[in-house]
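In the two assemblies presented below, chain A is common to both, partnered first by chain B and then by chain C.
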Partner chain A sequence: MTQPSDAQVTSSSAEAAVTYVFAVCRSTRATSALDLTGVTGMPGGEAVRLLPSGLLTAVVQTVPAADFTDEVWQGRLADREEIERYARAHHAVVSAVATHGPVVPLPLATLYHDDDRARSRLAEEADRFHTALKRVAHHAEWGVKVYRPATPDPAAAFEEPAPETDGGRARGAGLAYLNRKRGAQALREKRREQALDVAESVDAELRGLAAASRRLRTHGAALSGDQRVHVLNATYLVANDRAHEVGLLVRALGERTGAQIELSGPWVPYSFVGEV
Partner chain B sequence: MTDLDFRQGDQPIPGPQTTNLADILERVLDKGIVIAGDIKIDLLDIELLTIRLRLFVASVDTAKKAGIDWWETDPALSSKASRNALEDENRELRERLRALEPSADAGREKESEQR
Partner chain C sequence: MTGPRVDLDSEQMGRDLVALVLTVVELLRQLMERQAIRRVEQGDLSDEQVEEIGTTLMLLDQRMKELCEQHGVRPEDLNLDLGPLGTLLPRD
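On to the complex of A and B.
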C-alpha cells in the first residue's frame, strides 16, 4: 500500500504500523462494553481495541510493521521463548474476549496493512464468521489426552535367573534367550494394542456428549522426562450446559480403564471454527 | 488453577492459565478461522515447530534413525539464520516428514462430526 492511512493510526506513521487481528465477535452491547485494559496483546503493540464493522466486531491491535514481517517471524519461530510469548499473548486476548460472548479466533499473526483493509476482509468473509459464531455459541472446547503409564521394559519381566551350569555354557541358553526376546516383543505388542483400545473407547464415550470432535496428533515423550506414552490427543466441542459432565466422565473413564487421562479446558473453541 | 477448572456461566471461558505451550500452539497455529492476511507469514505447522523447538518431540527418534539430525547444528536454534536457509530447511523438512510418515497427513485431522 502506498497510500497512507488516515485517522486510525496514532503517533506512528502509516508505513510503520499494521493491524493485527486476534478474533472476531458479534457487535453486541456486551462486546462494545468489553474491557480490554487488562490485556496487553502483542509485545510492542499499541492498546488492544475493538474494530466494529457492521454486525461483526474485530479485536485488533496496531503493531509495528517492522516486527511483523515473515523474516522476523521465521526467527521467532526458531526461538522457544519468543514464540511462547507471542502465542500466549494471542491466546490471552482471545480468552479475554470470550468471557463476554462467542468469539471466533484467528490464527496467530493475521495481519492487514490497516484497519480499512481488515474491515473489508471481514466484510467479505462475514458469512463464514456468522456460521462459526453460531456454531460455537454456548459451547466450549475440552482437550483430552490419554496416556499409557510408563511401564518397565517388558524384557525385564522375562529375565530369568541364569540356569545353573557346571562351569560350561548352559544347554539351551541361546534358545531361552530367543524365547525371552519373543515373549517381550509379544507383551510389548499386546500393551500397545490395549492402550489403543483404551484410547478408542475413551474417544467414543466423549463423542457421546460432544457436539463435535477432532483428533490431534499425539505428542511424543516430552524432554522433561515424561516417559508416558501418549495414545490419544483429542478435543471436543461441548455445550456449556453439559460441561460438568466432561469432568465426571473423564474421571469415570480413568477409573474404569486405568489409563491416565488429562482434561484441559474450557477452551475457546479454536479447533471448531476453521472448517466453516 | 488445575486442569479441572469448572466455572459456571454460559460463556466459553479461557483455558487454564497453566496450560502448556504445546496445547496452546496446536490451537493458535493450525486452528482458528483462516482468512487471508495482507502480510504473508509462513507459520510452519505444529509438527515442524515441535521438532524445531523440541517441545514434545514426536518424530525426533524416527527422524534421527533416518539420519535427519540437522537440528543438532541448525544455526537457527542458537542464532538467526538467513531467511533462505530457513526456507530451504522448512521445505526439506516437510518433504522428509512426508516421506517418513506417509500416514501422518491422513491421520492428523481425522474429524468426526456428530448430530
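On to the complex of A and C.
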C-alpha cells in the first residue's frame, strides 16, 4: 500500500486537523454538481467535500490528526473489524464519486497536512492522474476467482489399513506403502496440472475481452477457512459496453472446464489506476 | 500489514511451537519420501532395499500421526504460509 502522505503528524496538538484524500476526478460540471451529503466518510471527520485544483478535483475530508497518526493506523491494521470499518467508509466515498464519472481512488489513509499540500500534490502529479483517468473512463473492474472443486484427499483413495501382522512389518508392506504414496503423488500432480491449465485458459479468454488485466496472489485456506483450492485470482479492466459479455463468458467457461468460477463486479477500477 | 492481534498466551505458544517443530519434521519426511519414490522409479534399488525404505517411511508416517494426536495437532495445522511462495507443504 503506497501512502504518498506527507502528514506524519508528530508535533500537532490534539485539535490539529489534516486533509484526507479519497479520490481524484476531473473538474467537470458533473463533478462540481456532486451531492456528497449522503456520505459520511471517515469516522470522526468533518463533511466530505470537493477540493478543485485546475482540471482536477480531489474528494477530501478534514479529519482530526490525532486519529490518523501512524501508531493509530498500526493498531487499526491489527484489528480486522476496525480496518473493515475504515475501508468500507473509504470505499463508500469512492463509489459515490464513481457514479458521476471516471475516478482514481487513492489508497486508504492518504493524508496531507492541509488543503494546500493536497492541491500541490494534484498539480505535481497531474499527468499521471490524467493518464489514469483516461485509462479507467467508461471501464469497470471485474474480479475473477477460479477454484478447483474440493476433492477428497488423493492419499485417501490409496489408503488401506496397514497389515497388522508382526507389528505392521508384514512382508511387502513397505513396497505396498511406497506404491500407494506413488499413486497418490501422481494423482495429485495430475490434478494440479489440470487446475493450472484451467486457470490459464480462463485467464486467456478473459484477457481477450479486457483492456487490461492483473494477476493477484491466490489465497490459502487460512484466512477464509475455505477448503477449496484457489487456482486463479485475477482482475480485469473491461469497457462498460462489453460488461455483459463478462458474465456470459464466465458462465460458459465454468460449464466447459467444470471449475468453480466466481465473478465479482463491477468495481471502481482500484487495480488499474497505477501507483498514484 | 500485520495479522490478527497477537495474544501472548504461554499455552498457545507451546502448542504453536510443537506445531512448528512437527511441520519441519513432516517436511523432511515428505522430502525423503519423494526422494525414495524417485529412486524406486529409476529402478536402481534392489527389492530388499525398496522394501526396507518403504517400511521405514511407513513407520515414520505412523509415528508422525501418533505425535500429532498426542499433541492435539491436526494434520492440516502442519503447514506454513510462505506468502507469495505458497505453502511449505502441498495443501492437497
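One rule holds for everything that comes next: the second predicted complex is superposed on the first by the 243 of 276 C-alpha atoms of A that agree within 3 Å, B and C clash if a C-alpha of one lies under 4 Å from a C-alpha of the other, contacts with A are read in each partner's own complex, and residues count from 1 in each chain.
One rule holds in what follows: a residue touches a chain if its C-beta (ideal position, glycine included) is under 8 Å from a C-beta of that chain, and two chains touch if they have at least 3 such contacts.
This is a predicted model, so every value here is computed, not measured.
Peer 1: For A:Gln185, decide between first (touching chain B), second (touching chain C), both and neither.
Peer 2: Only chain C; A:Gln185 stays clear of chain B.
Peer 1: Go through the superposed model and pick first if A:Gly38 touches only chain B, second if only chain C, both, or neither.
Peer 2: A:Gly38 contacts neither chain B nor chain C.
Peer 1: Contacts for A:Gly247 in the overlay, against chain B (first) and chain C (second): which applies, first, second, both or neither?
Peer 2: Touch status of A:Gly247: first partner only.
Peer 1: One more residue to check, A:Gly143. First (chain B), second (chain C), both or neither?
Peer 2: Once the two structures are laid over each other on A, A:Gly143 reaches chain B alone.
Peer 1: Report for A:Pro107: first if it touches chain B alone, second if chain C alone, otherwise both or neither.
Peer 2: The answer is first: A:Pro107 touches chain B but not chain C.
Peer 1: Look at A:Leu77 in the shared chain and tell me whether it touches chain B only, chain C only, both, or neither; answer first, second, both or neither.
Peer 2: After superposition on chain A, A:Leu77 lies in contact with both partners, chain B and chain C.
Peer 1: Regarding the shared-chain residue A:Arg217, is it in contact with chain B (first), chain C (second), both, or neither?
Peer 2: both
Peer 1: If you count the residues of chain A that each partner touches, which comes out higher, chain B or chain C?
Peer 2: B
Peer 1: Pick out the shared contact residues on chain A: the ones touching chain B in one complex and chain C in the other.
Peer 2: Touching chain B in the first complex and chain C in the second, residues 1, 74, 77-78, 80, 217, 220-222 of chain A appear in both lists.
Peer 1: In their shared complex, at which residues does chain C touch chain A?
Peer 2: Those in contact with chain A are residues 1-5, 33-34, 36-37, 40-41, 47, 50-59, 61-62, 81, 83-84, 86-87, 90-92.
Peer 1: Taking the touch rule as given, give the residues of chain A at its contact with chain C in the complex, in rising order.
Peer 2: Chain A residues touching chain C: 1, 74, 77-80, 151, 153-154, 162, 168-169, 171-178, 181-182, 185, 188, 191-192, 217, 220-222, 229.
Peer 1: Quick check on the complex: what are the chain B residues that touch chain A?
Peer 2: 3-7, 9-16, 19, 21-44, 46-47, 49-50, 52-61, 74, 76-77, 80-81, 83, 86-87, 104, 107-115
Peer 1: For chain A, which residues are in contact with chain B within the complex?
Peer 2: 1, 18, 21, 24, 68-71, 73-75, 77-78, 80, 83-84, 87-88, 90-92, 94-96, 98-113, 117, 121-122, 125, 128-129, 132, 136, 138-141, 143, 207, 210-223, 240, 243-244, 247, 262-271, 273-276
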